[in-house]
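Before we start, here is the structure in question, set down as C-alpha cells.
Labels A, B and C are assigned to the chains in the order they are written; within every chain, residues are numbered from 1.
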C-alpha cells in the first residue's frame, strides 16, 4: 500500500500557507492550540518513523527532554538566539539516537522497547542528580531577554511540523522507506536482500531522534521554564504513541490526524469536565485499547475503508460464480 | 468547490476565529488559575474556595462594576499551566490574576505571565527561585512566606526552648522543595548555634529510606529535620516511627499540619513539629473598618464552615485574605486600571483575618511581600499545640520518648 | 563496617519484596509471552483494596490477602479473555500498546474514584520493630518478606506438582507439542494470567503498609520489574528471583555506601538494565535472544 496518500503537494502547501497566515491573525488561544498540535505532530511523526522500522519506542520523552535542556542551557550559557539554540537541540537528539542504535545493537521488539524506557528514566534521574549542569530539581528559566515574540514561536512550531511531515514524506519515497519496511517485517530476510540493518537502524534513530529533540527544544522555548520532571515526563511518551495509533500507524497523515485528535480530546475534556484531569488520560487509555483491538489502522484506516466501500461498484453483477441453475437477484447480490 | 480546498479554507477560517471574547465594559475580570485537579489539587481547591468566599463578601461588585472570576484548571501540569496563563494574559487580557499555588506550577507560570504582566498575586509557593526571577517585578505580589521564613521561625523556636549547641540532622528530597529549603536550614540553624551533623538526600517517591535512617542514627542527632513533601513525608514519618529512631525532636515544614499526612501516618505523627501561617482555634479580633470583609477569626471560621461544609486550612484563609485585599484595592482605585490598582495595593495596611495585610520588601528581593508571620506547633497527643511565638503559645516543647 | 549488618538485613528483606513484585510479571511473560504493562496497576489495586478493607471494615491486610488474591485472579482471567487473548499473535507493538492502554485506564479510574491523595494502611503491627545488636528489623518488612517467600514457594510448587502448572510449563517450553498433547491453550493461558495478576495484587497488599499509596505508584515498580526480569533472563522464573535479590543488594549498598547514594540508588535499576542489554541481553538464565 503506497505511503504517499491523500496529501498531494498542493493540498499540503495550501494547508501550510493557511496555517502560517493564521498565526498572525488568530487569537492567542487558538495559536496556543495550533502550537501544541504542531509540536505533537513533530513528536508523533518521529515515533512513527521508528515504528516503520519495527522499533517501538517507549521512551520518546528521552529525546524530548534532552532537546529541551539543550535548547535552554546553551541559550542561557552562550546567549544564543532561538535559531542558534535549536541547533544543539537537534544535534543532541541525533547523537542520542546514534547512541541508542549502537547500544541496542540488533535487539528488537520488547528488548528495544524496554531499553528506550530505561534510557528515558535514566536520563530523568541524571538530570536530577546533576544540578550543576541542569539546575536539577529547582528548574531552569530561559533568560527573558533572549525570548522572541510569541508570533515567532508559533510560526516556528508550524514550520517544524511542516518540516517533519515533509521529511517523512521525502523519506517515504526513497529506498530508505522500503528498507525499513522490510526490516520491520523480518530483519533476517531483509539482510538476505542485501540490506544492512545496522545502517538503517542508525539512520532511523538519528533522524527520528533529532526530530523529537527539536520538538522538545521548540517547546521549551515556548514554555520558558524547565525541570527534569517536566522534560522527561511519561506524558510525552504516551502522547507520542497514541497520536500515530489513533491517526493510523505507518502512514504519513496518521500522526497529523492523531495529533489534532489528541489535542481536541484533551482540551475538550479539560474545558468540558474541568474538574478532573483523570478524564482526559482515561480517554487516552480507552482510545489506545479500542484502537489496538478494533481499529488497528486508526482513523485514517477507517477513512480509507469507507472510501473503498464507496468505490465498489453497486450493480447486480455477481461477485461469486454460482453453481445453481437459476440465481435470483437476491442471491446474486452477495 | 474541490473538497480539499474546502478543508483548507475551513482550517484557515477556524484559525482566525477568536474564542474568549473581549470583556463587556462594565465587568471587572480576575483570572484565577488554580490546580483544580492532579497532584496539587489539595492546594488549588482551597485556593478556589478562598477566592470565591472573598468575592461573595463583596457581593461580586467592586468599584461599581460587576466582578467576574475566571476560574481555570491548570491540572497541576506545567504544559497546561502555560496554555492557561497564556489564555488569561494574552487572550482574555485580564488585569489581575490570583494563583496558582504549588511551587513548580507557579514556576511554570512565570514566563507566560511575563508576556503581559497583569497584577499577579501569588498566595503560595515558598520557593526562593520565584523570588529570584519575579521578586523585583512591580506587578508581582507575594502573599505567602518563603522558605527562609519557615526556618527562621523554627530555628528561633527551638533555640528558645532548647538553647544552643544541639546536633541537627537534615533529610531533604531531591526536588525543587528540598533543594531550595536546604540552604536556609543550614544558614539559620547555624546562626542559632547548632551543628549540622548529617545531611542526607532522598529521591522523591523512594520506597526505602532505611539506609538514610541508619546513617542518621549513627550520627546521633538531637533534632531531625525533614525537608520533603507528600509521599515522602508519609514514608519518612512511618519509617522513623517503625524503626523507633531515638531522635527527640522531629521537625517538618508545612506538611505536618495537613490532614492527608496525619491520616496516612496515624500514630507516627506524635511529636512532629511544623510551621504554618494559620492554625484553627487562634484568636483574632474583627477589623472595625471592614467588619463584613474581615470579621473576627472565629466568625470567619463559622462562615466558612457553613458555606463549604469543611474545616478551613491555611490556604483557604490565605487566599481569602489575598483576594479580599485585591478587591479592596480595586474598589479604592475606582477604575479598572492596573497601575492605579497596584498603587492602592501597595498602600494597603490593615488587619485581616490572616494577620496584618501590608506589602513590604523582603531581604531576598521581593518588592511586595505580605503575611510572613509563621506559627510553630507540635503534635502532642493528636492535637497541634502552638509553641512559638510565645505570645500565642498554648503549650511547651516536648521531647519524643521511645 | 558498622553499617554492614543492617545493610544485609535490609537488602535481604527488600529482595523478598522485589521478588514478589516481579514474579507475576515473569509468570505471565514466561507462559503467554505477552508483557503485561498493566502489572503495576494490579499492584496498585491490591494496595487500594487492602487499604479500603482496613479503613472501612477494619480488616487487617493479612486477612484480606486471600480475598484479594482471589479477586485478582478473577480480574486477571477476565482481562485475558476480553482483551489480551486477541493480541496473542499480533505484532509485539500491539501487545505492548494494548496493555499500556489498559494500564492508563486503570490508573485514571483509580484517580477519579479515589483522588490523588496519598494514603497508607496502618495495621498496628506494622509500626513495630525488633532490635538486636544495633540491627533494627521492622515487623512490617519482615512479614512482607515472609509472605513473599510463601507465595513464591507456592507458585513453584504449583508449577512443579499440579496438572495445570505442568501444562503451563509445557506450553512455555514447546507450544505446538503441548497443544498436540491436548492441553487447552486458552484456558491455561487465562489461568496463568490470572495467577500473575493475583501475585501482583499480593504485592500491592504488602506495599499498602510498607509505603504510600497513590494511583500512579504502579509505573515505577513496573520499570524496576523490567530491569529485574531482563537481568534474570526474560521468561525464566528462577532468574527473576535471582535478579530481584541482586537488584535489592545493589540498591541497598549504593544507598548505604555511596555519598548521596539514595539519589542514585533508584537509577541503579536502569544502569543495570542498560548494561545487561548491551553486554548480555539474555540475562543470567535466559535463552538466547534473536537479533
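The definition used in the following text is that contacts are C-beta pairs under 8 Å (C-beta built on N, C-alpha and C of every residue); 3 or more make two chains touch, one makes a residue touch a chain.
Since the model is a prediction, treat every value here as computed from it, not as a measurement.
Viewed as a network of touching protein chains, the structure reduces to a complete graph with every chain in contact with every other. Of the two chain pairs shown, B-C and A-B, the one joined by more C-beta contacts is A-B. Taking each chain's centre as the mean of its CA atoms, B is the chain most distant from chain C. Once the centre of each chain is set as its mean CA position, chain A and chain C turn out to be 32 Å apart. Inter-chain spacing, taken between the CA centroids of chain B and chain C, is 38 Å.
Distance from the chain A centre to the chain B centre is 38 Å, each centre being the mean of its Cα atoms. For chain A, residues touching at least two other chains, in rising order: 125, 128-129, 276, 278. In chain B, 38, 174, 203 are the positions where the chain touches two or more neighbouring chains simultaneously.
Touching of two or more other chains is recorded for residues 260, 263, 266 of chain C.
The part of chain B that touches chain A in the complex is made up of residues 4-5, 7-9, 11-12, 14-20, 36-38, 73, 75-80, 82-83, 86-87, 90-91, 104, 107-108, 110-112, 114-115, 127, 129, 133, 174-180, 203. Residues 2-3, 6-7, 10, 14, 115-120, 122, 126-129, 131, 136, 138-140, 207, 210-212, 214, 220, 251-252, 255-256, 260-263, 265-266 of chain C are the ones touching chain B in the complex. Interface residues of chain A facing chain B in the complex, by the touch rule stated above, are 6, 8, 10-11, 14-15, 18-19, 21-23, 25-30, 32-34, 36, 125, 128-129, 131, 136-139, 141-142, 144, 147, 150, 222-225, 227, 229-230, 235, 270, 274-278. Residue ranges on chain C touching chain A, taken from their complex, read 35, 83, 86-87, 92-94, 96-98, 100-109, 111-112, 219, 223, 226-227, 230, 234, 260, 263-264, 266-267, 269-271, 273-274, 277-278, 281, 289-291. Residue ranges of chain B in contact with chain C, taken from their complex: 38-39, 41-42, 174, 200-203, 205-212, 214-215, 218, 230-231, 234-235, 238-239, 241-244, 260-261, 263-268.
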